[in-house]
Structure formats: structure tokens, C-alpha cells
Amino acid sequence: MSTALLERNKESKEEELSPMNQQIEKATKISVNDLNLFYGDKQALYNISIDIQEKQVTALIGPSGCGKSTFLRTLNRMNDLIDGVKISGDITIDHENIYQSHDVIQLRTKVGMVFQKPNLFPMSIYDNVAYGPRMQGIKSKRELNRIVEESLRGAAIWDEVKGRLKTSALGLSGGQQQRVCIARAIAMKPEVILMDEPTSALDPISTLKVEELIAQLKKDYTIVIVTHNMQQAARVSDKTAFFLNGEIIEYDVTKKIFSNPKDQRTEDYVTGRFG
Amino acid sequence: MASLPIENQTTNNRKSNKKKYFLENVSSKVFLFCALLSVFSLLLIIGFVFYKGSHPFIAEGYSFIDFIFGTDWVPSEDQFGIFPMIVASVYATIGALIIGVPVGLFTAIFLSELAPKSMAKIISPAVQLLAGIPSVLYGVFGLAIIVPFLQNNLGLAKGQSLLAVILVLAIMMLPTIVTVAETAIRAVPKTYREGSLALGASEIGTIFKVVVPAAKSGIMAAIVLGLGRAIGETMAVILVAGNSLIIPTSLTDSMRPLTTNIALEMGYAFGTHQEMLFATGIVLFSFILLLNFVLAKISSRGGN
Amino acid sequence: GGNNENEAGSLNEGKDTISISGSTSVGPLAEKLAFNYEENQDVNIEINQIGSSAGITNAISGVSEIGMSSRDLKPEEKESGLDETVIAYDGIVVVVHPSNKVDNLTTEQVKQIFTGKITNWKQLGGDDKEIVVVSREDGSGSRDAFQEIVGYTSGELVKSSIIASGNGNIKTTVATNEHAIGFISFEYIDESISTVKINGVEATAENVLRQKYSLSRPFLFVYKKDHLTDAGQQFIDYILSPEGQAIVSETGAISLH
Amino acid sequence: MRRFKDNLLRGLLWFSALLTVAILVVIVGYIFFKGFRLISLDFIFGDYSPTGGGGIWPMIITTIYTIVISLLIATPIGILAAVYLQEYAKQGRLVKMIRFATESLTGIPSIIYGLFGAVFFVATLKLGMSIIAASLTLTIIVLPVIIRTTEEALKTVPHQYREGSLALGATKLQTLYKVILPSAMPGILSGIILSIGRIVGESAAIFLTAGTVAAMPESIFSSARTLTVHSYLVTQEAGDIELAAAIGIVLIVIILVLNLLATFISKKLNKADY
Amino acid sequence: MSTALLERNKESKEEELSPMNQQIEKATKISVNDLNLFYGDKQALYNISIDIQEKQVTALIGPSGCGKSTFLRTLNRMNDLIDGVKISGDITIDHENIYQSHDVIQLRTKVGMVFQKPNLFPMSIYDNVAYGPRMQGIKSKRELNRIVEESLRGAAIWDEVKGRLKTSALGLSGGQQQRVCIARAIAMKPEVILMDEPTSALDPISTLKVEELIAQLKKDYTIVIVTHNMQQAARVSDKTAFFLNGEIIEYDVTKKIFSNPKDQRTEDYVTGRFG
């Protein structure tokens, strides 16, 4: 299956895209085929088709409101929660159609998510991070302690919060909260991690740490990340998809997107000449 | 980061997920069952009232029009006209709303937004205490304090009056309105307050323009529940209404609301008389439906 | 069966249970009778004061063994096979606020007051004050009896009259209103209100028994013959005995003798 | 001008609160003033006798029975029903109608519930006049209050909490009892407290279903008299306001204790209380 | 008064900083003197002293949790809302001590704010933007229309929302919401605008637009902006303050901070070598 389908925009040249894909040896983890999504009557995604490779970082970029978050949320079926959302097309993860399977829980255990706005629960920091594992039935105090510490370290926040694990998570600064959110997702040891602008609230140092973390995580995990930060996309991702008005305009290895994009609009966007 | 072997975990998940989905299924059925049970019991009551109350009109040839618009209620002489009571109920309810709702809401706003924490911590539970005082005692209070007060200060021959009813009902609505509305207002996210204050809105402006509208749904619930409490109240009203069978024309007239009629005579009623009291219940129910409908309309209009 | 609701009875070491429900006017008297009766007898008497009609309904349906009524049975109720026993009489007294100077009325005056023909105490030799009429609710035994003896109908009752439920409420209403006039049972007379002589006759039990004082009504026990247990019958017998009737007199009601 | 309006509104807020407090003080004060003379150990713990004034212990026990049983039935059903309406049901006409009917039923006078209970629970289900029949009737009376307040409380729980939890692979049920219900606890609690008030304050519905037997109930199938019914009877027939007020004092104390208990329990249940 | 006071960190060299300030001719708008702030017992700001110049953009940078937001919120007394906050020291705006004056409303009208997380009210877009002016007593429909349009244009969001001004503001995407927040602040025509990471949720294009807007606004307004984006700080600000652990480590003209910082820690931070 081809990686970037631009059914509506006939400007794309599919045959040119295919060779690029062949350079990437990794297996396909997520395969999206002809996905359309409507919020009520309003179409938010048009004919999205994309293959996302295992153990790589795939970045989604594009202007505000173009549908990046919406697309990301189809991958763990978070859009199911919104009334009036209609979806057509297929999404398979590990060759399993996630919209046909009824096991959303397993899907969401496998596909972790970090949201745009930190959304910690009104509990202690510890309980927030231990939440997922507990829901999976892990009860051993020692095991939980280990997971919590490991996850918080992984999210580069351990040192800041280790003394106040039992205090409310909502007392943390925005950046701290977001890192705890990442820790909470990591604690589940998912296979895929979806990140919706995970560092938009972070300072450069934490951002760097999270980016390092991403680089490290991708050895084991498949990561899809939405970012507004071109440098970040360039730094962390292996492949990049450029969204515009609900369509994928271009999807390719990151280097190519940033150095030599096919589409004029992509070039305009990544060089900041857009709009 | 070190991790458990992924496959291992996945199979674990699969196993336990079966149980989870089962639980999920069962629980949603249980929730549905509870909802249906509630609905069922409520339907039963409605059915019961309608069954009993419609009998005279269906089987005994009484005229529903005469029932609604008749002005004479003399059960022992087979006269069943509840028009004066309908008027009385409308007046009493509207009056109680006009006094009870603003005082209750303003108190709730005060407690959640303006009162120092320590003050709210004492007053809120104290107000909730009012909710548990038996209505008979409210009636006694009304009869012993409010009625003589009106009698003496307004120079009336009798203090049992529309005004006394309105005051007692307004007082009885307070705890419900205050408690429910206060909880709703407290639940409004802080960011709204911050956003408004940062725009140079005053504390009061913020409260009335942002916080209260954001809590609209809860406030409506407070009003509706408070109203229900007031309309459904009988024991206290019996004592202060006077229960006279006239169409009230002033605040100082004594009168008999629909609910009081039911409670007052049910103890001795028999046969058609009793059924007519149930019919009074139907009218009351329709009255409440109408009122709630109007309130819902008002609130949805206010929303945009 | 007549005792189907009384699972408690079987828990209670096999004691017999008599369930009685009905009039709130008869209730207090019945409670005292039961209280004294239970001291000497191995029996458990349950008394529920829920109103005459509800008590009669219970007696018919068998929820209660005996119903208490402060009004006469309606024809339909009699048709369903109820028997009745008068256990006492209840005197009804006209009461006014203690400050009221009027202390004697004729039956005709009472009638005119309650039908709205006389509207000011002045007309009766009292102060120049509007009369506020206080009556019981339609269907109430006291009211039925009162109206029948005084001689007016529910339809004639002055419309602006205050309707109070229960003797206590009439008493409280009259006690707090200088303008008011009402009627209550003998049992509830106290110093918060003052009583009015009717046709010059004081409202006392003797005067009722001597048939000088006409405002009274019967207190009834109603039951279905086949529901009545031996224990129930014995309790009724006890009430009708001199011992029982002595208690009736003590409480302010009028004994049968 | 704006300032004037602000000050006016602020004044009104203070005024309303003061008025409410004043009403509270006057009513509670009145009850205490009227009733405190009767309060004695014997009045509270003695055995009831129809001749003396006191001995309300059986009624205290009955009152507590009815509260506990009604709450034990109504709270779970009400909360779960609200959960269904708010979290599970499709928000359509039907749910709206259910909500509407529920709300409207709060305005039906309790004597009608009482008559219903007398016909349905007492006679049809053959429970007899008993504490259980009264409790079931009371359950129906307070259900709308619990459902409605719980629904409102659920509505105020931020959507992000639900998303956050579900995205972690938690089931809806887990999300519900770990995140949503704890966050909604204050609202639910106020519903429960109002219900306690409603149960305690009820008379008509109770004397028609539990009767007025002034003796210690042997079991929940016994007929018995609650404090409120007792105070109803003494005002209605005897006009004994002092006694009614004395009972009122006892009731106020009971409610106070129960409200504190409810608050305490909900705090315990709600570990997420930050 | 000296601009950067590092009472606790004796490493700083005050005398060297002073000459830099003299290059800046603009008048002082906000003057902060020896500010200490505690959340309960926890001190969040230490001896902050800083002069902020009129009609300039001052950027606050520093790692997450260092107190930037906290400091920003002292400038319009938003911290007053938090229980247990204790403040010592002076802040004067236009030579008026804002903690002595009782007119917080006037202060906040004069000092607008855009928050880290978009916090639109649950009303229509139009009502959100018109909220402030209405509170000021503006009632004229035409006037309000004009203000709303102007402000939305100013925040580079007009074209996206002009067709749905009367619909709920909460239906917008994160980025859109934040721009409406900016519009809402602009609508008040404040003298000072505080921005707490205003673009952290925006895509590059909107970010650029907002930055242009900032450049334009500074002709009339004094702007204080917290940002995690070094490039942004470098692009938009005239002066930059570097915060660390609740202190100002260095405060200087932006060029100097980025090209030739005095303090080693500043250098480490701006070059991303920190931590």
C-alpha cells in the first residue's frame, strides 16, 4: 500500500513517493487506509492513507486546526468518546483492524497517549503514575514503586517530585504536569505512544530530555508525535507527515521533507513562508 | 528503559480483558437496570395517581371541566370544583419562587464565592440542617411566629394567608437551593475566574457574568428541586394557609393550595371524594410539568 | 387471614398481636387503653393513628384487625360487612380565645356564626372584632357531628373560614387569634383557650350523659366478624367493662355509662 | 455606575446570606427555646407511655432504621441510575424525558407517595405496615433528588479526566469508580445530605406505610413510629408545641450527626480529595 | 535601582550590568524591588528586582518550575487569588505601588494577561472577546462589533472564526482557542500585556503571526512574555531575564543574553547545554 495518498489533490505523484519508502526497512506497525472523519456534518479528515513504521518516530506537522490531533486520536479510538463522530476507512495495527476488534481496552493499553493539555487526575503524583498499572491489576507495592520511579525518571521529572510523590499532582507547574503525564503513559509500557504536542508546555531543558527519551524509547516503541516545532520534528522524527486542511499533503522521511519537499505547500510551511 | 517482555504482557492483558469486558457489560446492565428501576417506580406512581384520579371522570360521569373550573368544593355534597385551589397554588408557587430563588441563589453564591472559608464551613452545613427539620415544625413555627406576626403588624383578623404560605415555602426551599447551587458553583473551574479577573472584571462582575452562567445547569437543578420541595409541601402549608375555599385576591387572603387539599382531606376521604383528591394530584402533576417546562425553556434561552 | 402483616407477632414469643388502626382522635384513647390492658395480659397491641378512612379501609382489607373511626360508617363501608362497636363518646366544645368575653351562645347563634350570618363579636355582646371561623376538614367525624347537631351543612359553612386539620391545630389557631372561634374534643381542653357554654349549659361529661349538652359523637371500633380474633374480642370486652370505661373517663372522653 | 451596581449586588449577596442565617438562627432558636425544657435523659431514653410526655427512644431507633434502610437502597440505585443517564445513555429525547419526569415527581406531595406505598408495598406486596414498607416508599421519594444531584455532579467532572483514564487502557467502569465518582463526590454528598433531610422530615408518607405504633420495633417488618410522625401527631391532635419542639431538637442532633458522618464517609471513600 | 540583583548568588557582577541598561532609553514602566513570594511555606521567588521598560518586549526565560509564571502573575496581582500566598517587596507600575493601591480592577484593566493554557469562557467566541469591553461598560453594538473584529484580526484568527462568531468558543482547536484568548486580552486595550507562553499551543504560522502582532503592539504597549522558545525570545524581545530556582540570574538586552551572557548558567541554558 502506498504511503501517501492524495486522492483529492491530484498534484501528488505517488510513483515518486514509493521508492522513498523502500529505503526504510522497518516493518509497518500502523496502516491507515482511506480514512475519512466527520464531526457531525463537518469533515475533518479527508482520505487519509499512511503507513507508520515500527520502532520509529513519525512526526505530524501542519498548521493549527488541520486535523493532526483528530488523526492522532483515531489511532487509539479516543474519538469514540465524542458524540457525532463518524469514521470511514480502515486502520490496522499489527495487521489487526482496530475498528473491527472490540477490545478497545487492549488497544489503548497497547497504544499510549500524551495529550496536548496536561490532564492529570486530582490525585497524588504517585497515584497518577500508578493509575494505569493498577488498572491492569498490578497490586504489589514494590512493583508499583518500581514502575512509578522508573516512569518518572524516564520522563525527566523524578528529581523534582521525588520528595512530594504523595501530594496533589495539580499543584505542579504546567511543565511539570506534562512530564508527569508522559510518565503516566510510559508506566503502561505500551507498544505505540501517541504524543500530541507533548513538549509545547515544556522549557528547552525538559524538552531536550523528553526528546532524548523519545530517541531512547523508539528502540522498543513506535512513536507518533504531533508537533508545531519544526526543529523538534527534524531532530526527533524518522518520517514526517504534513497535514493541511484535513489531508496529508506529503509524507516522507523527515530529511527529505525538510530539505527537499515535493509539494510547494510543504516547502512553504517548513520554511515558515506559509500563509 | 527496561521493560517487561512485550508479548508476555499482551497475553496477560488479553486474558484479563475478557473479565474486564464481562464486568463492563454486566455493570452497564446494572446501571441500566437501576435507571429502569427508578423510571419504573416513578411510572408506577404516575400510573397510580392517574388510575385513581381519572376514575370519576371515566366511570362516574363527572365532568373534568367542572372539576377544573368549578369554584365550589363540598365533598359531602358531591361538589368538586378546584378552581380556587389552582389559583391559590399558582400564586403561592410564584410567590415562593420570587422570594426563595433569589435569596437561595444569592446565599449560595455568597457561600461559594465571597464568604471566608471558615465562615462557609459553618454556614453550609447549618443550612443543610434546615433541610432536615420536619415540615410539621416549619408549620408550627409559621403558626406560632409568622402568622401572629402578620396578624399584629398588618392588622388582620387572621394571619393565615397567602403571604404566610409564601414565606414558609420560601424558607423551606432555601436549604435545597442553597446546597445544590453552592455545589454547582464551586465546581466551576478556576481558570474561568482567573480569565475574567485578568480582564479587569470585578469580582462581582466575574461571578455574575462567568461563574454563574458556567454553573447554569446545576443552578437550574437547584431551582427545580427547590421548587419541587415547595410545591410538594403540605404539612407546613396546612398550618399557615387557613385552607379557606375562596379564590385569593390579595396576599392577606387565606387560601387552600392543591397539595393542602389532598393532605387535608385524605384522612377522611372515601370513594369518589378520595378519587377526586387523586384527580387533584393529576392537576398538580400537570402544573409541575408545565412549570418545569417553562423553567427549562427560560434556562435554554438564557444560555445563548 | 386477618393477621397476615404481623410477622412480628410470631417473632414475639408467640404473643398474640392485635393490630388497630384509624382515627387520630380515637388513637390517644386507644393507646391508653392498650397500655393498661397489656400490663395484665400477655398480648401485644399495635395502634396506628392514620385517619378514620384509612383505618376503615384497613379493617376491610384485613391489614388491620380493628379500625378506629370518629365518624359514622358510610353506606358503602357498611355493605362490605363491617361491624361497629361504640367504645366511648366524645364531647365537642366550642372554644374561643381566652381574652374573648363571650362565654355563652345559643345553638342558633353558633349556626349563624358558622354560616356567616353573624360576622362580628359585637353582635354577640363582645368587642368590635371580626369573627374568624375555624372548622375541621370536610369528612372529619367531629365536623360531621358538629354540623349535624348545630344544623347546617358543609355547603353552608362560611367560605372564608379557616380549615384546620386535627384538634391540636384548631386549638393552636384559636389560642393565637383573638378573633377566632372553633370546636374541639373535650380531651383537648386546656387553659390556652376558653370554652363556651351552649344554651347556658357547661360542656362537661355529666351534662353530656344527662343529655343536657348536645354536642357529642361516638368513637367507634369497626371490624369484620371473621377477622376478629379472640384476643381482639377480649380487648373490646375489656374496654366496655367498668375498668375500661374508667380509663375512658380519665382521658377526658365520655364513658358509655 | 458599574461600581454602584457591583456594590449593590455585593450588598444583596451579603443581605441574602445574612437573611438565610437569620432564618436559620430564628428557627433553630425557636425550636430550642420551645423544647429544651422537656429534654431529659428520661425523655430520650425512657420507654414511651401514652400518659407521660416522654420516652422517645423507640422513635429514635425507628427514625434511624428508616434513614439507613432508605439510604442503603436509594443511594446506590440513584447514583447508578444517574451514571447511566449521564455516562452511558445516548443523550437523546428519552433521557431528557426521564429527567423531566424525575424532576416533576419531586413536586408530588408526599401523602400521595404515602397512599401509593400503602396500596403497593403494604397491601399488594403484603409487607404490612412496617418500617420496610416506609423505607421503600421513602426510597422513591428521595430517588429524584439523588439522581438529579448526582447527574449534576457528574457533569462537572472535566472531560479530560475521562480521556486521560481511558487512554491509559482503563475500562469505563474503572474510570468511573477511580476518577469520575471521586471527583463528583462533593455533589453526590450534597444530594445524600438533602435526602437525609427529606427522609427525616417526612411524616405523611411514613404514617401511612409504617403506621404509628409507639413501641420499639422488633424488626424491620414491624410497624413503628418515627420521631417526625410523633411530632406530627402531637401537633395535629394535641397541639403540644413544646413536645414537638423537643422532638425537633433531638432530630436536629440526629441530622447533625448523620451529616457529619456522611461527610466523613465520603472523605474516606474519596482518596482523591485534594 | 539596578536591574539585576543577585543577592543570593554572589557570582553576578552588578557593576557590569548597569552600563547595558543605560543603552536603553525607554522609561521604566514596571519596577520590581526585592520581591519575595511564598506559596505557604515554600518560597517560589527570591529577592526579585527588575525594571521593565515601557513599549518594549521583555522576555522571561528559564527552566520549568523556576517561577516565571509566578512572577508574571504578581504583576497583575493574579496571585491574590491563591490561598496562602505571601508576598514581600514592592512592585510599582507608573510609579504607583500596585500592592498598596486597592484598585485591582483598574490594575488588571491596565495590565492584560494571556495564560499558559487557553481559558476561554463557555460562551460564544464573540461574547468571549466582547467580555472585557462589556465589563468596561461598552454597550453599543457597533462599537463592540468593531472591537471584536479588530481584536480577532489582531490575533490572526479572524478569518478562521468570522463565520462562527456566535458558536461556542470551546469547539475550537487548542491553537485557535489560544489565539482567541489573545484577542480577548487585546480587546481591552491594556497598557501592559503579560503573556505566559502564549504560543506554546500554536503552529509556526500562527506563532509567526502572533510574533508579528507582538512587534506591532509594542509600539503602544509594554509586553512581558514568558517563553520556552529561545528563538522566540531572541526574535521578539528587547530585553530578556533568565530565571533559575526562583531567582533572576541575569537580566539584560536580549542580544547580549543570547550572544554573550555574563553568567555561565545563562550561557548553558540558552545554548541548550544545561542540566
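As written, the chains take the letters A, B, C, D and E, and residue 1 is the first residue of each chain.
In this section, a contact is a pair of C-beta atoms (placed from the backbone, for glycine too) under 8 Å apart; a residue touches a chain by one contact, two chains touch by 3 or more.
Chain by chain, the UniProt names read as follows: B = Phosphate transport system permease protein; D = Phosphate transport system permease protein PstA.
Quick caveat, the model's predicted, so the values are computed rather than measured.
Path length between chain C and chain E in the touching-chain graph (shortest route): 2. Contacts with chain B and chain C are shared by D. When every chain is reduced to the mean of its CA atoms, the largest separation from chain E belongs to C.
When every pair of chains is scored by its C-beta contact pairs, the maximum goes to B-D. Work out the mean CA point of chain A and of chain C, and you get 81 Å between them. Chain geometry summary: the mean Cα position of chain C and that of chain D are 34 Å apart. For the pair chain A and chain B, the distance between mean C-alpha positions equals 49 Å. Centre to centre, using the average C-alpha position, chain B and chain D are separated by 14 Å. Across the assembly, chain E contributes residues 117, 135-136 that each touch 2 or more other chains.
Chain contacts: chain C has residues 24, 50, 54, 165, 169, 172 touching two or more partner chains.
Within chain D, the positions touching two or more other chains are listed as 2, 158, 169, 171, 174, 235-236, 241. Within the complex, the chain E residues that touch chain A are 61-66, 69, 116-117, 160, 172-176, 179, 197, 200-209, 228-230, 269, 272, 274-275. Residues of chain A touching chain B in their complex: 102-103, 105-106, 109-110, 136-137, 150, 154, 186, 189, 191, 216-217, 220. Across the interface of their complex, chain B is touched by residues 2-3, 5-6, 9-10, 12-17, 19-21, 23-24, 26-28, 30-31, 34, 76-78, 80-81, 83-85, 87-89, 98, 100-113, 115-116, 119-120, 139-140, 143-145, 147-149, 151-153, 155-156, 158, 169, 171-174, 186-187, 190-191, 193-194, 196-198, 200-204, 227-228, 231-232, 235-236, 241, 244-245, 248, 251-252, 255-256, 259-260, 263 of chain D. Contacts from chain B toward chain C in the complex involve residues 72-77, 79, 140, 143-144, 147-148, 151, 157-160, 238-239, 242-246, 253-254, 256, 263-271, 273-274. Residues 1-4, 6, 9-10, 12-14, 16-17, 20-21 of chain B touch chain A in their complex.
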